[in-house]
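The following block contains the structure, expressed as structure tokens.
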Amino acid sequence: MTEPILRVDGVVKAFGGLHAVNDVSFEVGKGMIVGLIGPNGAGKTTIFNVISGYYAPTRGRVFFKGSDISGLPPYALAKMGIGRTFQVVKPFPGLSVLENVMVASLCRHPRKHDARRHAWDILEFTGLGPRAHDAAASLTLPGRKRLEISKALALEPQLLLLDEVVAGLNPTEADRTIELILKLRDQGISILIVEHIMRVIMNISDQVVVLNFGQQIALGKPVEVVKDPVVIEAYLGEEAA
Amino acid sequence: MTVLKLVSVSAGYGETQVLWNIDLEVEKGCIVALLGANGAGKTTTLKTVCGLLPATQGRLYYNGVDITGRPVHETVNLGITLVPEGRQLFGKMTVEENLIIGSFLKRAKEHRARNLAWVYELFPPLGIRRNQIAETLSGGEQQMVAIGRGLMQNPDLIMFDEPSLGLAPLLVQEMFRVIGELHRRGLTVFLVEQNVHHSLKIADYGYVIENGRIVHQGEGKQLAADPTIRQAYLGI
Amino acid sequence: MRRGIFAFWLFIGLMAVVPAFVQNAFVLRIVTELFMWIGLAITWDVMAGYAGYLNFGHGAFFGAGAYTTAILMMRCGWTFAATLPVAGLLAGLAALLAGIPTLRLKGAYFAIATWALALAIQQLALVLDITGGPDGMRLPPFLHPVFFFYVMLAVAAVTFLLLWLLLERASFGLKLKAIREDEAGAMALGLNPARIKIQAFVLSAVPAGVLGGIYAFWITFIDPASVLADIITDQAMVMAVFGGLGTLLGPVIGAIVVFSFKTLFWAYLADYQVLYLIILGVVIALTVVFLPNGIWGTLTGQIQARNALIKGMAIDPAQGRHPEQGADSND
Amino acid sequence: MLLLPQALVDGLLIGGIYITIAIGFSLAYGVMHIIDFAVGEWIMLGAFLGLYLSQWTQVEPLLLLPVVFVVFAVLGYLFQPVIHRVLSGKKGNPLLMALVFTFGLAIAFKGLGLTVFGFFSRSIPSAMAADSFTFVRGDFFVTIPVIRLIGLAYAIAVTLALSWILKRTDFGLAVQALAQNKEAAGLMGISAKRTNSWVYGIYVGISAMSGVLIGCMFSISAQMGGKYTVFSFFVVVLAGMGFLAGVPWAAFLLGMVQSFFLIYFDPGYTLLAVFIILYAVLLISPKGLFGKGV
Amino acid sequence: MKSAFAIMSWMLVALFLVLPQTAAAQRDYYKVGVITSLSGDLATGGNVTKRGYDLWAQTVNAAGGIEIDGRKYKVELVYGDAQSKPDQGASAAERLATQEKVDFVLGPYSSGVTLAAAPVLEKYKIPMITGSAESPMIWLQKFYYTFGTIPPVNYTGASPVETLAALDPPPKSAMILGSNDTFSKATAEAFQEAAKQAGIEIKKFNIVPAGQDLMSFMSVAKALKPDLVAFGGHDEELINLVKALLQINYTPKALLMHYGVTEPAFVEALAKNAEQVYGASVWTETVHAKGDYLWADAAAYAKDAEAAFKVPADYTQAGSTAAGIAFMAALGQIKAAPPLDEAEREALVKALEKLDIQTFYGRLKFAEEGQFYHANIGLSPLTVQIQGGKPVIVGPPSEAQSTPQYPMTPWEKR
């Protein structure tokens, strides 16, 4: 078997005495979509922050295309080809939508002129073109989520980490975003996605990792995981079980 | 009798409008739930009601009195209490100080001793930890402090913003037990939740909000039974 | 943008011929000083406006440059021209060394740390022998008004051009603004905030050092109380805020307005010196309250607001419609 | 060695002065997050009010402290809404705006002081200014100036009073609540505007009172503000911005550094040492010596 | 972008327009530039010099003006505020020289401003007499056009130490400190040098940062028990030092400061505690000086000064007035009517160099060479002591009006 794009190997992240993430291991293969689910506070965002370099793991390793990237800073990882979005969307509010994306484009296209053209391409792809010159602060939540994806895409990543990009969207918008994600997958980008809405995860994921209170409680194909009583109990509440 | 009434209320942050012409009513002694996905405008609605955010349009009535545009420290004085999302405790103060500050207003101060005793009775762990610094408590205990602090305000209308957020299932049940208990005591409850099962089970009436607009409403049980709602908003 | 560049050269050209018409040494001196303040205000704004860091020690770079020129000329016998690059380099080096630890701090902490550092440097100049301690240093008087006019103009213009190229034309300004808006978010997009901030810090320090070097030779006398005082940073700050932060032209306009006001008041109303303080103080306070974006920021802000309105109507005519839903086509 | 006890006592007494100029400022920062450049000017104005009042009434200036407090507390209370407006501005960087705003105020106050009080240095004549206790034991001796002791006592009293108010009164709890979580404080019915006004009033009043004490110990002039602003900032930063309980310790530390440098090292380097220590502390622990800044 | 440049260009054009252009050349009065610090950190001293210059101008004009060949020409003062900053001093000099075309200049208060303004005036060949710049630095630069009426501290500082050394018994040990600014440091060094000469043991000598709390330092004095505590500093620091000594309760046998003690503010601020403090000066209102110009003696000047400003005159103010008198006398000698051209100004410098006159301020005689080049060496340095709330001359014996009170009365017995 070829080396997966991303391999998370026994990662532990502790804050003080509290284990926000405890011994999590999974892989994202090339061109795969892996879903990461779990209730609030399960440690999904923490594991994202570890993978994208915001936190160094307390224990365990993270491998990207076979090389150990644990502890590398986010900007180095971005250059290597890991793009991410933030759950609490982080546009640069004082910059225009185009400029927001250009900042990311500069990573692959250091000349401003090229970066601008690249950013336009991205915005066309994600449908934000008409808003290009508006201040990012003026976007509504769906727009911001789209911008968040645009920025990550502008890095031309091989691995995309998506943190709740669908949550908060109405069904139509959600469907469009899912379409977008699938399109990206078809372009060969591997995706790790955190999502609250099970429907999304179940429909698009090749693999699902389930966390609860920092522990990895399940790993497998969506159809298998969804039947796992432990998962149902943890994620949907005891009522649904 | 209608305790709270929103008539075509719009609100937002800066240039971003979040709420679009919201109409809703909360009857006295009822539990009313406001449901919706992340970012749909639930928290914004609560903030607008209690005056943390100004309404850009429309009017709000509390017990028939127009409270549009009143700052938060005045609406609170009328008996509207919000238990905010994410606890929002005063992290460096003790549990008891957090509770006492709840009874800062004159209307609550006179009942301070009685309410404090009641809160400790309602949440026994708080009594044990009364001198502990709030930020060192566990999530569930922090939520208890937040609710207790709200009760110290001697409210007539108590609004909860995601009280079950981030709590283990057992604690979620405990929270809903407490909310039920408050309801029995005659308080009017306005509840914002993602945990649809629980909410609709105890709610007398429910509203579903999507992208800042009320898209469905109905009796709690009726909403709970509606499969389209479950599918579209609750993700199940 | 082309027109902007043309206007810039036109302005420089206009200024360059001024000495041909205005032989008055005092007027030249005033304008020379104005160029210096323009240079200091725009370089201060690199950190404050673009990077979002309040540097309360900017004057220390200026003073370091002044002392470099003075020491090299007086103690080592260098010529003036040879000292200027060293003054700039040394200020840049100081920024590099001070920046690495200091730029980890944020907000008020950074502001006060830079202030403490600047005060420490002033104290150092007061106790060292090589700086002449409190007696300061005297340089040989050259006192050629036209010479200093051109040197100051050249350095201010080159600084402006350099900053314009880097901050407005090239990608550096965009990166800097991204870091100002959200440092953590910028990291995810491949930016190394620590490095970019240091680069900006050095970029703001080098011209300040060169200006300090010119100042020393121009005024012929420097001491810790004059070139290492808080007042240099304070004045640059007031100019930049008054004009409008985060732009290049704002601080320039702020420098012109504040400096002109100060100079005219000083030249004509010397009897009311104390009132000057009251008026200046009240004007600063009122500016902050009523024009928080500065003069230029307020002007362009209105223009932007107007443009946004026009654009908004074109894209989203139906009031209350979700802007996202109409946004399928590209422009 | 002979001077060790004296150096310690001097350090404490100098520290007392630093407490008086920094404690109110720390409170204001903790609650309102305002870095007030005019703190030294409030001290200056307070000192001159004390001077004129004592000249006019022929009353011991120290007895006039409450009067000075009340006058300036009212001034500060009335002044706060303007500052509130600056701090709550939606545009720009409120921290910078407040800094520049109070910087403008400081300049204007200084100009006002120069206009009204003139340029000359003055001194507030206190009956206590010349008294001192001296303890001698063998070669060792310690002299404690009464006026400085009063200053220290005043500093401790103000610190205790503030912490009592903060800990034991509803108003104090409200102030703490506001400092820790503005939105939640509003939900408790605490009016940020009114509480901030009180806090600002208290801060201005305390600063003005410090001015009177300083005038009894040192000389005063319309231009004195800047110096005290610097030290006030530095004590507050060392203590951890907004961490009230840290102020006395930070003040004592600075006092000790000064007194030891003056006595045991080259006094020329005293201020250099102070600034470098401050810078180092900021780098190592930005939240002050105790790591507990708000 | 473009509009911004347009705005900037217009603003600059406006600036050029409103800046005054060349003043008219013909006039029948002397135009006298005054460069001094009317604002900024040194405004206190700057305004004292201004009073001195003003009083000279008022008195001259009240008498009809300066008489040249039987015709009287009035004087008009044009101020240039140096704001206590050297660069602004240079600016002021340039303005007075090119815009106002002044005939001569009455100079700055501080040495920093003087050092920056003097080269500019050299360039325009405009003579300047500074009323109060006491740092030795200035005279070492040998500015041809710059003179000073107050001798530098290294000229005057020795006098009080010598007076003290002549006492019986003399002080045997001293602690000398100076604030870290150029004037105060030079003062402390002058004291140190004189003490060495007089054989007084120096137990401690330190330069301290300006504006320091001096109490700890006085604790050291209390331990070392020097007979003499000598201090170089500015007005507020002098007050602080006395208060620090009071607080630590140490009364040296003699407390020596410099000119500052003769400033009225010193006595006013300290009242009885200012008593018996020694200082150095070159002038008090009781000095024996017979003047040939404007005022007959020091007392007459003091009376006029008090009437004009409601504040007693000190040496700075007197020295500033004397600067005007020096110009007046030199002009009378070269008989140059206003306006002065370059040759006349050159002649004025020559006349100043040769000048040797008696004024209410004492003898004015500028050194023509050496380390005091162009500073006034006509005066004999005085030792003063505050006695009965006034500075009284207690040395040298030829000038003394009272005997030195030594040792000092302990603070608690006052």
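Each chain carries a letter (A, B, C, D and E) given by its place in the written order, and its residues are counted from 1.
Assume a contact is a pair of C-beta atoms (placed from the backbone, for glycine too) under 8 Å apart; a residue touches a chain by one contact, two chains touch by 3 or more.
Keep in mind it's a predicted model, so treat the numbers as computed, not measured.
Note on connectivity: the fewest chain-to-chain touch steps from chain A to chain B number 1. Fewest steps needed to get from chain C to chain D, stepping only to touching chains, is 1. Of all chains, the one whose mean C-alpha position sits at the greatest distance from that of chain A is E. Centre-to-centre separation of chain A and chain E, using mean CA positions: 75 Å. One simple way to say how far apart two chains are is to compare their mean CA positions; for chain D and chain E this gives 36 Å. Averaged C-alpha coordinates give centres for chain B and chain D that are 42 Å from one another. The centroid of the Cα atoms in chain B and the matching centroid in chain C are 50 Å apart. In chain A, the residues that touch at least two other chains are 138-140. The set of chain E residues that touch two or more partner chains comprises 39, 41, 43, 180, 209. Residue positions of chain C with contacts to 2 or more other chains are 123, 126-127, 274, 276-277, 322. Touching chain B in their complex are the following residues of chain D: 90, 170, 173-174, 176-177, 180-181, 183-192. Residues 39-41, 137-141, 164, 167-171, 196-200, 213, 233-234, 236-240 of chain A are the ones touching chain B in the complex. Those residues of chain E whose C-beta lies close enough to touch chain C in the complex are 1-2, 4-9, 11-12, 14-16, 18-22, 38-39, 41, 43, 79-81, 83, 85-88, 90-91, 94-95, 97-99, 112, 115-116, 119-120, 122-123, 135, 137, 141, 180-182, 185, 209. Those residues of chain C that touch chain A in the complex are listed here as 169-171, 174-175, 177-178, 180-182, 184-193, 246, 308, 311, 315, 322-324, 326-331.
Of all residues in chain D, only 2-3, 6-7, 10-11, 13-14, 17, 114, 119-123, 125, 129-130, 132, 134, 141, 143, 145, 147-148, 217-219, 221, 223-224, 227, 258-259, 262-263, 266-268, 270-272 touch chain E in the complex they form.
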